[in-house]
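What follows is chain A paired twice: with chain B in the first complex and chain C in the second.
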Partner chain A sequence: MNDLLELTKQLIEITIVICVIGISISLLLLLYRALVGPSNADRAVALDGIGINLMGLAALLAIIIVTTKLNDVILLIGILLFLGTIAIAKFLEKGVIIDRNMD
Partner chain B sequence: MYKPNDLILRTTTSLIAFILLGFAIYLLLAGHNSPGGGFVGGLMTASAFVLMYMSYGIETVKKILPINFRTLIPIGLLIAVVTGVGSFAFNEPFLSHTFGYFTFPLFGEIELATAMLFDIGVYVTVLGVTMTIILTIANDQ
Partner chain C sequence: MIFTVLIPLLLACFVPLISKLKDKIHTGIFIFFIPFVIFLYYIQFVGSDFTTMKQTINWIPSLGVNFNFYLDGLSLLFVLLISGIGALVVLYSIYYLGKDERLGHFYVYLLMFMAAMLGVVLSDNIYVLYTFWELTSISSFLLIGYWHFNERSRYGALKSMLITVFGGLSMFGAFILLSVITDTTSIQSMIEQKDIILNSTYLPFILVLLLLGAFTKSAQFPFHIWLPDAMEAPTPVSAYLHSATMVKAGLFLVARFSPIFSSYEWFFIIVSIVGIITLCWGSYMAVRQTDLKAILAFSTISQLGMIMAMLGFGTDLAIYAAVFHILNHATFKGSLFMVAGIVDHETGTRDIRKLGGLLTFMPMTATLALFGTFSMAGIPLPFLNGFYSKELFFDSSIHLTSNGLSSFAEFLVQVIPYLAVFGSIFTFVYSMYFFFGVFGGKNQLSLLPKKPHEAPIGMLISPIILVLGVIVIGLFPNLVNGTFLAHAADAVKGTVAEELHILFWHGWKTPLIMSLTVVGIGIVLTLTRKKWAGVYRFIPGKLSLFKLYDIVLEKLNSVSKGITKQYMTGSLRLYVAIILGVTLTLTFITMFATGGVTIQFDNLADVRVIEVSVVFIMIVAAIGTIFARNNVAIILIAGVVGYGVAVLFVIYRAPDLALTQLVIETVSVVLFLLCFYHMPKLRKRDETKSSKSINIIISVGFGALMTIIGISAHSSKWFDSIADYFIETSYKLGGGHNIVNVILVDMRGFDTLFEITVLGIAALAIFSLVKLKKNKEAE
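Let's turn to the complex of A and B:
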């Protein structure tokens, strides 16, 4: 029984290291896209992807330091990401973010 | 000027704004034992309102939410000060808090602390300040 627990712990540690490395590579590629991307819409989509990768990184961090207190943070990152992306999209589309009358 | 079609944005907003408001209330009530509290709860409520303002425009939301957010700031500060001053009535120092156990019909026994009232004051103040800043900037003619 103890051997099985040790094996599971090692498996989880190896998996977390692989996942962190993968997310780091993805973040670097997205950062390249956000810096170089030819149009502003490319940068907006790259920032959206960076935020989603940060959600995954926060979830992995919650597994590394064994805690459940980070779950609110993950949800918060997702909500703020959604709001920010909508604001950028409205600015690119219309030039105003909160308009006076939509009729 | 062409008329934009915002059907998808408006439908998602009417669903997500309720989730955001529920999450804000959860953060406000859970602040005693877990992460959260008045500040984050106020910011989440403000972000739900900002989402509604972004997808429906100022004039429409003013009909739905007939609140002048500037008046929320003194109300919240007043709540916070009154919870501090209220401890004088029991011969205790300023801002001393207490708690007690109460039994409710649906929830069972709950621990209620007077720090919750102070947190509600912080919540109202943060909501008023954030919405005042955002709407003042957005209101240029």
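Let's turn to the complex of A and C:
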């Protein structure tokens, strides 16, 4: 039983390292897109992607340091990314974020 | 004694009330009694059995600033001059100033001045002395600018203000040094401790600063330039301030401190040289003037120079002569100014080229002027006081000793008698020029704005009394001698000397021969004045201290304007560069000078892959913002940095910070996008290579500085952190498991309160900015 637990622990650690490396590579590629991306829409999508990767990163960290305190962070990143992306998209589309009242 | 100083000030408050009545009764009639009563009060002290008097009234005892009044012979001489001539001047002004003038203003200023002057000569406390000294400068400024609608008046007032206040501040410096060295604020106790002062290393500073104050006030070369321009004041003011009282404040100061400095060689050298130069230059320049008051102004300068020189000589005889001449000069110069005022008043001009032959029109005035000018010239007649003091001056100048002095002082001793004679010759010339230019020769009535006639008797009373003074002192010089002047001379010397008898006839001695030489050459020069007047084209020619003053003032303005324009360009970029550059340099220098840079590698945590990759991404993104060429791109790339920071907070286990950072980052991105709609397109800045490289240097330098500060701060931990306390007590005392939040609202709640306030203010400010902009459009 203990061996099994030990094995699982090691397995998790290895998985986490692989995941972190994967996310890091993905972040770098997204960063390249954000820096170079020919249009601002490319950059917006890259930023969105970076955010989602950060969610993953935060979740992995929560597992590493064995805490539930980061769950709020993960959820918040999700909400804010959505809002941010919407705002950017609206800006790119219309040039304004908040429409004026029609009066 | 204090009441005599304060009463003029107190009564000055009531002058505006009295001046409402000026249509019925001239305001000056009320004012006249103030100096007159003060004069009567002080005249009782005159006598051979005079002893000094002291009175102290506390003002700021903890600082040693008290109204210490001290009446000795010197103060008494000045007090009597101030109050006596003050009364005469007020009497004269009653007839001189019409009821259409702003009499209230005039007499308020005059009483202010009188009180200040009495305060100067009676104060024993240096700080009180300085207070009254500046009050004389200010009231003199007001009086010179009395006709403020006149451009020349304003110019003269400003000039005298700048020069005398410059001197006053120097004097204040000397006073502070003196009081620090001697640990007292009383002049008399300083005189008692003169050895301390004379052995002090600051002695040259004290002397120079003190003399700057005295020389500027007493219009000594080269600070004499304000006095001729001060002649724009009403004539009673010129007679009072610029001949009899204020310009003698500098002499008073030198006389008051001469017991301390008289044994110091440089005191003799500086004061004598400046005095003699002023004497010669003033009398030489007086002949050139065409305005009556300008002649008198330069004459005052030269006579003050003569007194200053005698104070510098410092021998018993010279000091006695100086004190004597202070009295004599006040009598004849006061009367001459009043004569000039009468001539101006009755003919409408003061230009000596237009005047002439007024003897038959104004016989009384002419007689007064005759006594005044002849006394000023020092003509050997037994009823003119000017002769006695001039002869004593010659006598003292040839009896200077150079024992134990440096070779320069020895040379000076040799030269001084010749310079004295030279200056006196020109004194004679301008005195004659003044008298015969106005009253002699042919009349030129067609040039005069008014038909000349004799002045009203009231206007003549004051000069008559002054001229009577000239004659009485001239006939009975020993009348004022033992009872009055001897005490003054003793006060200057600091010791009691044996009494001196002034005789009209000494026998055929050197001073008399010098006097006769002066008269002889003077007559020749007066008669041939037109022939040699061309010399003024070469000396001073185009060079003049007056022009120098104007140029200095103008340069001061333009140069400082230029310097300010150099760095206050209105460019924010430059200001930020200056602020950062200065911070950078100063901090770097301080850090390296004090050995603040410490780098230690112990106490470091291990580096993990996850941190490295996040930081690497942030660095790349941060550098990317510099090179991005598109508004939105910059925002989006900066967003990467912001999220990176949030992840760092996560990595370092600060979930609350991470939450806040995320929200704020998103809101900022949205806000930036809001603004960018209204902002101009980012364009390529046209920077030169040099400004670009400066920017790079500053930014890289600042980054390096912050890095070094961060590393040094981490490397040098001097105290244990108090974090343990919070960890222990957050639940026990605060009742919460979340330590960050307990600190924020419980342990350090005050900071939170004010951060909330900051946010509130920011919100209100944004709201009002947006709203007010709309209102502005509506206007």
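Everything below uses one rule, namely that the second predicted complex is superposed on the first by the 100 of 103 C-alpha atoms of A that agree within 3 Å, B and C clash if a C-alpha of one lies under 4 Å from a C-alpha of the other, contacts with A are read in each partner's own complex, and residues count from 1 in each chain.
Everything below uses one rule, namely that contacts are C-beta pairs under 8 Å (C-beta built on N, C-alpha and C of every residue); 3 or more make two chains touch, one makes a residue touch a chain.
Fair warning: this is a prediction, and the values are worked out from it, not measured in the lab.
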* When the two structures are superposed on chain A, do chain B and chain C clash or fit side by side? -> fit
* A:Arg100 contacts which: chain B (first), chain C (second), both, neither? -> first
* To do: Have a look and say if chain B or chain C is in touch with more residues of chain A.
  => C
* Structure fact -> Three-chain overlay: angle at chain A's Cα centre between chain B and chain C, nearest 10 degrees, stands at 60
* Asked: Is A:Val73 touching the first partner chain B, the second partner chain C, both, or neither of them?
  -> both
* To do: Determine the nearest approach in Å between the Cα atoms of chain B and those of chain C after overlaying the two structures.
  => 5
* Check chain A for residues that touch chain B in one structure and chain C in the other, and list them. => 69, 72-73, 76, 80, 83, 87, 96-98
* If you look only at chain A, which of its residues touch chain C in the complex? -> 17, 20-21, 24, 27-28, 31, 34-35, 37, 40, 43-44, 46-47, 50-51, 54, 57-58, 61, 65, 67, 69-70, 72-73, 76-77, 80, 83-84, 87-88, 91-92, 95-98
* **Sites on chain B touched by chain A in the complex** => 4, 6, 9, 16, 20, 23, 27, 34-36, 40, 44, 47, 50-51, 53-60, 134-135, 138
* Please name which positions on chain A make contact with chain B in the complex. => 69, 72-73, 75-76, 79-80, 82-83, 86-87, 90, 93-94, 96-102
* Which of the residues in chain C come into contact with chain A in the complex? -> 609-610, 613-614, 616-617, 620-621, 624, 628, 630, 632-633, 636-637, 639-640, 643, 646-647, 650-651, 653, 655, 658-659, 662-663, 665-666, 669-670, 673-674, 676-677
